[in-house]
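Would you mind keeping the following structure in view while I ask a few things?
Chain lettering (A, B and C) follows the sequence in which the chains are written, and residue indices restart at 1 in each chain.
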Amino acid sequence: MGLQLGQIVAALGGCLEGGDPQTPITRIAPLESADAHSISFLHNPRYAAQLAQTQAACVIVAPAMREAALAHGACITTPDPYAYFARLTQLWQAQQPPAWPQGVHPTAVVHPEALVDPSASVGPHCTIERGAVVGAQTVLRARVHIGQGCTIGERCILHPGVVIGADGFGFAKQNGQWQKIEQLGAVVIGDDVEIGANTCIDRGALDDTVIADGVKIDNLVQIAHNVKIGAHTVIAGNTGIAGSAKIGAHCSIGGAANILGHLQIADGTSISPTSMVTRSIHKPDLYTGIFPIQTNAEWEKNAASLKQLSQLRERIKKLEKALNALTEDK
Amino acid sequence: MGLQLGQIVAALGGCLEGGDPQTPITRIAPLESADAHSISFLHNPRYAAQLAQTQAACVIVAPAMREAALAHGACITTPDPYAYFARLTQLWQAQQPPAWPQGVHPTAVVHPEALVDPSASVGPHCTIERGAVVGAQTVLRARVHIGQGCTIGERCILHPGVVIGADGFGFAKQNGQWQKIEQLGAVVIGDDVEIGANTCIDRGALDDTVIADGVKIDNLVQIAHNVKIGAHTVIAGNTGIAGSAKIGAHCSIGGAANILGHLQIADGTSISPTSMVTRSIHKPDLYTGIFPIQTNAEWEKNAASLKQLSQLRERIKKLEKALNALTEDK
Amino acid sequence: MGLQLGQIVAALGGCLEGGDPQTPITRIAPLESADAHSISFLHNPRYAAQLAQTQAACVIVAPAMREAALAHGACITTPDPYAYFARLTQLWQAQQPPAWPQGVHPTAVVHPEALVDPSASVGPHCTIERGAVVGAQTVLRARVHIGQGCTIGERCILHPGVVIGADGFGFAKQNGQWQKIEQLGAVVIGDDVEIGANTCIDRGALDDTVIADGVKIDNLVQIAHNVKIGAHTVIAGNTGIAGSAKIGAHCSIGGAANILGHLQIADGTSISPTSMVTRSIHKPDLYTGIFPIQTNAEWEKNAASLKQLSQLRERIKKLEKALNALTEDK
């Protein structure tokens, strides 16, 4: 597999300088591990010093870095080298044969009343239930489950083990036992959504669970019934979002974060990994709640004190009063 | 799809007043989004004010709310409106065609020595291994795995991707390497248990892992070997329960909570989401251990102080001593 | 199923004393629940008192415990009773018929360009994509997914629902939307690796994700792209390891722990369950970061104080200054 530098520029644009367009490229690599047949990129000016050391045949850089790059060898200049790199990986991937031919794999089970666009790919062991809709060019990689009446938009990618439209977790207590509340809503997923392996998105109780366009969700994420997620929000792995939470657009939710139910998170909010959101967030910012890690010996001492923190606060208050009294006495 | 008010009362009981039994109902909806063809319910008297605004054709209410509801329109009175609502969703669901016909789907793999009740439903791509038992009216939705020798009771629902009876995580260290401890126990699941998508319940090491009747488990939950879970306990998504923990009956475990191994949790205990249970709990109460979330800037300051909390406590102690000495001096 | 004591010693070594080699054993059991047909083991000298009470026909003990054991009945002495017990479970398991016959189950989908060793077992509904390699005696239990170009070593066990080689989570922001960075690396897994149910290991972005020999990973673990995990490290359930983290050999990562991306963890490090590793760890030790659990009432008070902890520290500092001034005054 490989491409010539000239083919890359022909496909993706940018300006090639200081190198022969026929130079064969066999690898995309980070600056530090690139070899003479690699193309690399400089995204963050902080790493500019790596330009001098890299063995790369060509480096994708912003115009401001053009001279520094040319001092070393060939470069492609482009306003956003990281986005260019992303498109280059897509060009590279397009050369690879697909894992499975387009269309519905013979081991997939598709209900006759489901609607799968002819340009969609449905991999081995997928199940698509009655009334489900899968949009154009969407790819269900392998054993993806699309529950009854759920809708997946266009150009989505669902990785192996994804479960869309299992029942939300709803029960009514009656005489100490749990009556099932049947989940009568569905899941509606927009266009250009990617959903990681073994992630689950439950159907709504009465209304739908809704994932807007361009949302990217990592592996093993749990999205409960009636959640709404705004466009272009990213959610890292192991995260849990409880029922009826409403996450804004352009948010960034760190891995293993958790968001309580019935909350609202403002557009553009970032949540640090493993943090627990217990109240609505109306002002976009980066929010964090992580217990700092220490050696276990140190932690034990601090955790013991933490259990008495409100008492410590009382003791400080008392000290302040007593000291005030002493000072006034004088 | 729809039902007349009279059909609902005929099926579920309750007393219909102020409305025509032939009124067609096409939707179950919350009070605030109900329309003239919706039936709604008032569960929490706190929301009684919504009665005045709702467009619902009929509202399910407790007898105490009868008058307020009638002032608006039709109502069904019943002692427990939320449980009535739950049963109404079941009535509604029963009208829908099932995702797959009853019985064993042709793509399921059932070992000839497994015992599947003829009234059970086994969806596409399920695997049921040798010696496993699946009880009457139990539903395995799709690609559910029931390991060798495991038992599922009656009227259970297992959602897509559930894995029952994978090996527990047991190894013995020998010369810096790990010897596998084969997991010789099984999993025994009672009646009326519901298990969410992609949840895993491991087989016991020597004895069995046991889930009692009426337990409800959400998605992506990890239940390790030899855990025992008491009847009618609910466990929300992403939770992890480590080996040999014994959870009581009627407990409520919040999402992404974790329970260490070999602990006991008293009947009726509640654990807040994301909290880590590090010791046995003998007295039922609500227990919490969540690092409060703040803006990252605030968090950084507080987390830094937290790492020195036991020192702060020492400084307070010193201050108290010094102040005492001063006061006594006078 | 059963074995005679003499058969056990013949297969596993050790020295049988005080018992008839023809004694039939039908169960392996803990000391406290063993019966007259059980074999048990004493691993931890702390539990030596249980020797006197056990009903076991034979107990596996270290030589130092030989006399105490013989006072009760038969024993097998061996330097490492726990490792002996592990091997005994393997001997036991080998008597059971396998869940599925060796070889590739007819419902598995194996790409013609994948390379599966003839001694490997591929269970129902597995998918093995183009260019993937599965080593000798490796077992894929059921619906395991091995992505394009990924390599699994010898004698590995992959439990149901495992996903190897889904795309890593990589996107470049462009005009507020996310461009996919195609994941061009693969996953390389060494020998003797065990991977728990529904665990996901993503393919690398440019280079590979690498799991070294002897690593044991529990259920529902998320391992992101380009992670490297050193030999014989164990990782408990629900854990998340973010992209490009480099975990050493012989580490022990507790359940639901999380490790940020691009960190390094020294060989031999232990991380407590649910702890969040936010910086590299260069010195092996046990590290912990857990918010201590309390009743919710106590927690509320302490959590409120925690949000002002850095202010409390300032107040202590002020008190110290004021007290100093007072003392110097005198």
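Note that in this section a residue touches a chain if its C-beta (ideal position, glycine included) is under 8 Å from a C-beta of that chain, and two chains touch if they have at least 3 such contacts.
The chain list, named the UniProt way, goes like this: A, B, C = UDP-3-O-acylglucosamine N-acyltransferase.
Computed from a predicted structure; not experimentally measured.
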How many degrees of rotation bring the Cα atoms of chain A onto the matching Cα atoms of chain B, given to the nearest 5?
-> 120
Please decide if copies chain B and chain C contact each other with the same set of residue positions, more than half shared, or with different positions, and reply same or different.
-> different
Separation of chain B from chain C, taking each centre as the mean of its C-alpha atoms, in whole Å = 26
Two or more partner chains touched - positions in chain C = 107, 125, 143, 161, 198, 220, 238, 256, 290-292, 294, 304, 306, 308-309, 312, 316, 319, 323, 326
Residues on chain C engaged by chain A in the complex (per definition of touch) | 107, 109, 111, 125, 127, 129-130, 143, 145, 147-148, 161, 163, 166-167, 169, 171-174, 176-184, 198, 200, 202, 205-207, 220, 222, 224, 238, 240, 242, 256, 258, 260, 271-272, 275-279, 285-292, 294, 298, 301-302, 304-306, 308-309, 312, 315-316, 319, 322-323, 326, 329
State the interface residues of chain A toward chain C in the complex, per the touch definition above.
-> 27-30, 33, 80, 82-83, 85-87, 89-90, 92-93, 96-97, 99-100, 105, 107, 123-125, 141-143, 157, 159-161, 192, 194, 196-198, 214, 216, 218-220, 232, 234, 236-238, 250, 255-256, 273-274, 290-296, 299-300, 303-304, 306-310, 312-313, 316, 319-320, 323, 326-327, 330
